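Two complexes are shown next, each including chain A; its partner changes from chain B in the first to chain C in the second.
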Partner chain A sequence: MAEEHKIIFTGTMGAGKTTAISAVAGKSMLRTEAVNTDSSVAKATTTVGFDYGEIQLPNGDVLRLYGTPGQRRFAFLWRIIARGALGIVILVDNSRPDPLADLSLYLDSFDDLVKTGVVVIGVGRSETHPEPSLDAYYQFLESRQLMLPVFQVDVREPEHVLMMLDVLLSMLELTGDEGVTHG
Partner chain B sequence: MIIVGVEMLDRLEDLSQDNRIAVALVGAADRVPPGTRTISWPIRVEALLDLLKQAEARQFTSRSRAAASDSPLVRLAKLLRPAGQSEAPPGDAWRVTGLSRAPIYIAPARRQFFCTESLRSVHRFDFRSEIELTPLPVTELPLAQEHPKPIVMLQWSIGLLTGALGPLPWLKTSATLRLQRFPEFQILHHEPIHRRLAAAFSRPVAGIDAAVELTRLDRHAVCSFVNGAELCGYLRTSDPSDLPARAPTRTTTGSRRSLAQLLRRALGIEASHG
Partner chain C sequence: MGEAVKQLQRNHLTEQFTPLLLELQREHPGVIAAQVCTSDGFVVAQAQSDEEAGRRLAAMVSSMHALGEAMVTDLQLGTYSHLSVEASLGKCMLFALPGTGGQLLLAAIADGGMLWGQFLTACRSLSEALGKIASSGRS
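Moving on, here comes the complex of A and B:
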């Protein structure tokens, strides 16, 4: 019987979740965008339901890629979407006022998935906003006794998205539910 | 090679001294600490052959490590060690010839190197070839014409090259190894297997041999990654007692591996994961 596998993309509004899913799912993507009324974020539209991309696997299984709505008021949806997911990609926008606090919110909100260790963190806009540095991210994670991959990425580049997914799949394969913590 | 019953687990480390491989014979119901070298009962020929191959590789490595410590590549690696561990006198610079067509200039204290060529030519370097290291005053560095590059790129590349010689001489092969951060794959020349190895070392692994077993990659690939991570300062080594309490079972790992490979194919991710 065909199985369904789920990978989640989450992160703040404007972090690039829609772009990242679109980079790998292409035309098979469903968007639920509306005009952005939040003047603090410079984008014309934003995701109000969730983004969804679907990829058929050779054995008949389906890979479903979900992008969560970024705004905190949709947090009730996050846990619902995350249920049963294989892993999660957290996208952080380094141009926001406190990217580490943003990361903290998503680590807390998806703590069940974070405990599995199948998590990748992508930091965007670091070329124009180099702080916090990667060192700062790793120190932050270590303070939470986590060892997770953090990459500076541009999600408009499909190879960056694929690199994150490849690492995510390696984490799934080699660490899985064992968790990835500093001992 | 010594095979012992699970009741002797606490003696495995002692028995592993003097270049021996000590293995615990475990049944389906036995629980052992992660990273413990085991062989399942009943013993299968395939598993025994794997162990014998590892024992052979260890003998070879042991002989080659002494020779490796004199290798010019390893001498270069010693200069490139992370700040505070490098053997380069503070303030010195070095010219490296023979590693690529154009000389490479290294300023360890500035964490920079200079080269007119891409590092691709370095990756084609035959580790048995000669290279020449010449100390220079920092003032002789060719700053004007060549843009400095972050030294991490050279550290990583030289680390990968030294993998052909086994683990770097100052690394204890039996130490617990783990990453304290992931390699910056966006800027470092790497293969898909390095992503796989990074995932494996994101949690403590009980030495090189355990990593070979966990990732099913060859020893050369594992040593290359470990050496690259060590030179870049990404690696943390500790006593074997630093291991966490659980490890994935072979069955779990196997089914996840199949799923991961299936998903990689569907996503169009290069499949050369060993």
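Moving on, here comes the complex of A and C:
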């Protein structure tokens, strides 16, 4: 019987959440974007509701991908979107002033999900901003007693996004969570 | 330079919108709060003293508006107009200001005593007036 797995993409504004879901879910994706009036971020639009896309796996299972808004003022939505999720992809923008602090915010905000251990971290723009290095990320996570996979990714590339989802699904299998079953 | 102009335009809108929002409250004592915010959740003008509550409301209004608009688009129901939320102790009305391309939103909250139809009519009229001001500022 087919199963559905709810997966969340989160991270700062501009980290690539909408792009990542779009890269794998294609045109059927639902977006809730508004014109960005925040001059501190050079971005034309920003997600203010949530993004939604689906991927059908070869075995018939469906991954339901939800992208959160990035800004802290939308934290009320983070909690709503997180309900029923089985795993989370945290995207970090390495070109921002303090990427580790950004990561910390999302680890704290999605604490319940992080405790399940089904978390993958994707670091973007590391080709132009190599620091913090992957080692620095692992040290940071270790300081928080977390052992989570960290990848350097370009979320415009579908294979990078699929690779993170693949790892996430493997982690789900290890935890024995079987998602929501539909006839 | 561009940002300074934008800020001046927003300040101008704040000055023009605020009296109309206050007038809504004067004419309808059941209206607890009213604000205009951007579609990405920033307060432009408001008729309430609690600034933090105003910022929280703006974030929620932008999300609700975006979800309503996405639903209307997905279901091919035409152009999004407004969204209403009714609860046991009050009601909220969210309007996209006409002529702003959905970039400016009106949100108003009323207590349980205010009649829904009266509230809807008052908010619709106000949104049209605010939309005209916003549109004239763009031309």
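In this text, the second predicted complex is superposed on the first by the 161 of 183 C-alpha atoms of A that agree within 3 Å, B and C clash if a C-alpha of one lies under 4 Å from a C-alpha of the other, contacts with A are read in each partner's own complex, and residues count from 1 in each chain.
The definition used in the following text is that contacts are C-beta pairs under 8 Å (C-beta built on N, C-alpha and C of every residue); 3 or more make two chains touch, one makes a residue touch a chain.
Quantities reported herein were computed from a predicted structural model and do not represent experimental measurements.
Engineer: Please indicate which partner A:Met163 is in contact with in the superposed arrangement: first for chain B, second for chain C, both, or neither.
Structural biologist: first
Engineer: After the superposition on A, what does A:Val150 contact: first (chain B), second (chain C), both or neither?
Structural biologist: After superposition on chain A, A:Val150 lies in contact with chain B alone.
Engineer: Check the residue A:Glu173 against both partner chains and state whether it touches chain B (first), chain C (second), both, or neither.
Structural biologist: After superposition on chain A, A:Glu173 lies in contact with chain B alone.
Engineer: Between chain B (first) and chain C (second), which does A:Phe76 come into contact with in this model arrangement: first, second, both, or neither?
Structural biologist: Second partner only, chain C.
Engineer: Applying the document's contact rule, which stretches of chain B touch chain A when the two form their complex?
Structural biologist: By the definition above, chain B touches chain A via 178-182, 184-186, 192, 195-196, 198-200, 202-204, 214-215, 242-244, 246-248, 252-253, 256-257, 259-260, 262-270, 273.
Engineer: Which of the residues in chain A come into contact with chain B in the complex?
Structural biologist: Touch list, chain A to chain B: 5, 24, 55-59, 61, 63, 86, 117, 134-135, 138, 142, 147-153, 160, 162-163, 165-167, 169-181, 183.
Engineer: Inside the complex, what are the residues of chain A that reach chain C?
Structural biologist: Interface residues on the chain A side: 30-39, 46, 48-50, 69, 71, 73-74, 76-77.
Engineer: Which of the residues in chain C come into contact with chain A in the complex?
Structural biologist: On the chain C side, the touching residues are 3, 6, 38-42, 55-56, 58-60, 62-67, 69-70, 74, 102-103.
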